[in-house]
Amino acid sequence: MKPDLSVEIAGIQLKNPVMTASGTFGCGREYADLVDLKKLGAIVAKTVTLEPRKGNPPPRICETPSGMLNAIGLQNEGIDRFIEKEMPFLKKVGVPVIVNIAGDAVSDYVELCRRLSSVGDVAAIELNVSCPNVKAGGIAFGMHPGLVSEVVGACRRATGLPLIVKLTPNVGSVVGIARAAVGAGADAVSLINTVIGMSIDHNTFQPRLASGFGGLSGPAIRPIAVRMVWEVARELDVPIIGMGGVGDALDAVEFILAGATAVAVGTANFINPRATIDLIDGLEEFLIARGMDSVRDLVGKVKMDGSSPTC
Amino acid sequence: MNAIYRLQAEVLNKEELIPGVFRIKLFSEEISRAAKPGQFVHVACGKGRDFILRRPFSIHRRLSGNAFEILFQVVGRGTEALSEVRLHDFVDVLGPLGNSFEIPPDLSSALLVAGGVGIAPLIFLADELNSRKVRFYAIQGATTQQRLFCYMDLKRLGRQIFATTEDGTAGHCGRATDLIHEVIKKSAPERIYSCGPEGMLKVVADVAAAFGIDCQVSVERRMACGLGACLSCVCQTRDGYRLACKDGPVFRAEELSWKA
Amino acid sequence: MKPDLSVEIAGIQLKNPVMTASGTFGCGREYADLVDLKKLGAIVAKTVTLEPRKGNPPPRICETPSGMLNAIGLQNEGIDRFIEKEMPFLKKVGVPVIVNIAGDAVSDYVELCRRLSSVGDVAAIELNVSCPNVKAGGIAFGMHPGLVSEVVGACRRATGLPLIVKLTPNVGSVVGIARAAVGAGADAVSLINTVIGMSIDHNTFQPRLASGFGGLSGPAIRPIAVRMVWEVARELDVPIIGMGGVGDALDAVEFILAGATAVAVGTANFINPRATIDLIDGLEEFLIARGMDSVRDLVGKVKMDGSSPTC
Amino acid sequence: MNAIYRLQAEVLNKEELIPGVFRIKLFSEEISRAAKPGQFVHVACGKGRDFILRRPFSIHRRLSGNAFEILFQVVGRGTEALSEVRLHDFVDVLGPLGNSFEIPPDLSSALLVAGGVGIAPLIFLADELNSRKVRFYAIQGATTQQRLFCYMDLKRLGRQIFATTEDGTAGHCGRATDLIHEVIKKSAPERIYSCGPEGMLKVVADVAAAFGIDCQVSVERRMACGLGACLSCVCQTRDGYRLACKDGPVFRAEELSWKA
């Protein structure tokens, strides 16, 4: 008997716990030649904003040890074009579509939520709160429990769709932020967005990214992400989508053991465009090899004895 | 849209043309058949877990239906690792990717301008022009004589080939762009195709514009997905950012907004 | 003419900007067969506490992509044995000795500073503030500007020795913490200590470290460290010792361009026990190749044009 | 203190004893000369930048003054990469490290108990015992006959060698520890030396204690520096934590506090 890979998160039924991480998979279309999109647990689209955004100048990426930096700068064509151009394609794929949104102000998020609520076939909205809040002097929403609470609460009132809040790791206490999100009505949290990083070219003395900073992703950050998933899973009763260096089934198992109900694959899509599919197959094999019936039996099953202070 | 393949391609041949410059022949009927001049493959270099990104290389030549070549220079970790593959190893390749040089059906004459390893995609193009009976001239620039890769291939395929070397060891002493006015006047090309360092491309673009000749150039950007999904590889164009991996790597020269 | 590698930091003259990172080099003795210790810019000793500490149970380390996790747990024999057993050896080496200290309470740090002030031949004290403050409910001193200010201020009053404050990256704003340290009298800051991480064994379902969590170090965290060095260098006028994945001269150049006056080599000592020496040689070659007279001409010389928001 | 070397050692020979178990001969006069049975080398495996830690391997045999061998099983990334070295490649080695098996000058008889690849350091020890004319018996346990590595070497060096296999394909069907009482009674060793899985070592330690025989065991811990500097590799002993890389890897059995 095949093991059961299905999970439920934020009220959405997924046939398996494997999603794409926002921004690394476009809207799926570009991967359609290589990936049987129907097999995915869900597709999380690239962040969309109210108005089109040009994004940052190139170079926008660079490779780092077991990771990469990116500073795409939220380039997107805006919600209107998204609904018009991408949603019809996404609907046809037939897997849950999670739309990731961002804004400069709470009102942007609210407006985006309203617009998406009437589209149909949006399974959930993921709030990218790693972006600077223009009104709060450019501090990212996701860095302060108060700001998170405000934006999530406002979105909660604006839409009946499930709300997933995607948290930034660039904080002292991710649990505090997650708690604020849950308190304000988040149905699930995604952990983690990229870690802010920088790399400098020793020849030119310039940053390797035109924008100076960028977000670090890939296997390098996996231990950080697993830790944050575990911290949130221990303290709060909220479904978690784990991400940050997930490349194969064993990585996914690590996140699931730490407490994630689902995982998202980001950077790994670049070296292996079929990473998601390979992961789903590998997860099934993992369960079969261990005689387990359901992936749900793995969630949060890490055996923690000690948890000594580290320093 | 054309199909994109991801496959393990066997290394059928490997040549070190000069120290640090390699030509590798890869077996793949799919890619070889689908490939068009100007397209590229995205290659997973090296076995280390710390290679997070593939590396893009132009399709250099298509060989008898089921194989193709890339020609590359070792410049960093990825190309170094790739240069260490051995015969019959398998290389993880994604492609063919990107758009291609546009060859109008009625094209009758062209000029190719190559700088350094920018020659790579132009050989495939030269082959194609030749088989379509498009008469072409070419200017190939390099730092020194031994870096005039495939010069003899160009000779065989084209009408007249001008070499330039920065050290004067072959052809004109100077840069490819030194000869461009003269060769345009001589050959009156309907179209110019170019690949090489960005500084060179800009000069070629300017000259083409001055002569009112259509010009296509192939550009390089750091790439993650290679598929148009991640928006890593943007080029500034008159219509805003466009993707080198999907809208390019070949652009009409007048579209591009060059850095000052 | 050989380029000048000497730098001054916190009032200490170093013949070159290359130190050992606390905890990765013991007190130097163990490396003496392999490294000409006299060539080092400075030796930073392993954290010492007032009383001996047993440390955490094994396994204490595990390898992660381009990094490692450690949870040594501050094992050390206490300040008395340190002064008696290690200082005589360190004195004889003849390079500046920086003693790294930690405590459970402000009074521990103060007492350690007093004791070290009278030893002689201690060039500076590095305060490891990444450890939990027992009185503040186990929150690390280094996570709150108030706690940092308190501990640094108290140490400042307790000793005339230069004080280096070693900051933890597990915060939302490293600049805020650095500012508190400088305000309270820090002569320099070290950036960064390890990033908290976790790794789980998919076979046993147990964390790979007995203590559950550990500190992530090595090349994986370099982009994070370089970014934090740059953030602090941009905002504050304080000398910085940069660390986090420094393995060779080019890595060091990255940190120095970002604003570090000196660098420390940690995890890299394990794969290459001569990493410090190779780095010093490489730095000299780097300067020669570029016709530069002094490493000081590199400090903070990154060419930042844009600094767009990343997300 | 004895000198520690860090050097690039040439691969002089490489054997795959059975699939996944390799013996590699490395050239190094320094390490070979300095090595004592029980010591180990710390090896940089693989070329990837993501190998952050060396891997420890016991010195398996010392060969004619200027070379030594390691014998290892592929269990993960590091050993896999190491298994891919080729003849005349250079391997980055640090050693010899750690303490060694103590051989009292007047020792006249001993028993060696090896489990699995735990045989590796015991061959070096057996050689040494043999050349010092210490008469020894040995029990070698493995899962199956073909994993009784170096059994013939033991035979040649020792007095009587008992094999056990879990599948009964050779010797006694069962585990090394099944025979230990019997062999002790038969051979009345003054000392027991053992290396293998921790579970086995614990049984050997208990039996040795029951018979009142001195016993030394070699243990394994994850290691970073290998030099005693980083405190990664602690073992719980009656005197608190001690370092496997420096105070060990060989410990007197009664010193160790075994996990329950």
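Lettered A, B, C and D in written order, each chain numbered from 1.
Here is the rule we go by: a contact is a pair of C-beta atoms (placed from the backbone, for glycine too) under 8 Å apart; a residue touches a chain by one contact, two chains touch by 3 or more.
What you see is a predicted model, and the numbers here were worked out from it, not measured in a lab.
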| item | value |
| --- | --- |
| Co-neighbours of subunit C and subunit A - touch as defined | B, D |
| Averaged-CA centre spacing for the pair subunit D and subunit A, given as whole angstrom | 47 |
| Rounded Å distance between subunit B and subunit D, as computed from the means of their C-alpha atoms | 56 |
| Rounded Å distance, subunit A centre to subunit B centre (Cα mean) | 36 |
| Sequence positions of subunit C contacting 2 or more other chains | 57, 64-67, 70, 218-219 |
| Touching two or more other chains - residue numbers and ranges from subunit B | 49-50 |
| Overall pattern in which the protein chains touch one another (line/ring/star/complete/other) | complete |
| Residue ranges of subunit B in contact with subunit C within the complex | 49-50 |
| Residues of subunit A defined as touching subunit B within the complex | 23-26, 30-31, 33-34, 46, 54-55, 57-68, 70, 72, 75, 218-219, 267, 269-274 |
| Contact set on subunit B toward subunit A in their complex | 1, 3-6, 44, 49-54, 94, 221-236, 240-241, 246 |
| Interfacial residue positions of subunit B with respect to subunit D in the complex | 46-50, 77 |
| Subunit A to subunit C touching residues, read off their complex | 47, 56-57, 64-67, 69-71, 73-74, 102, 128, 130-132, 138, 140, 143, 170-172, 193-200, 202, 204-207, 210-216, 218-224, 226-227, 230, 245, 250, 253-254, 257-258, 286, 301-311 |
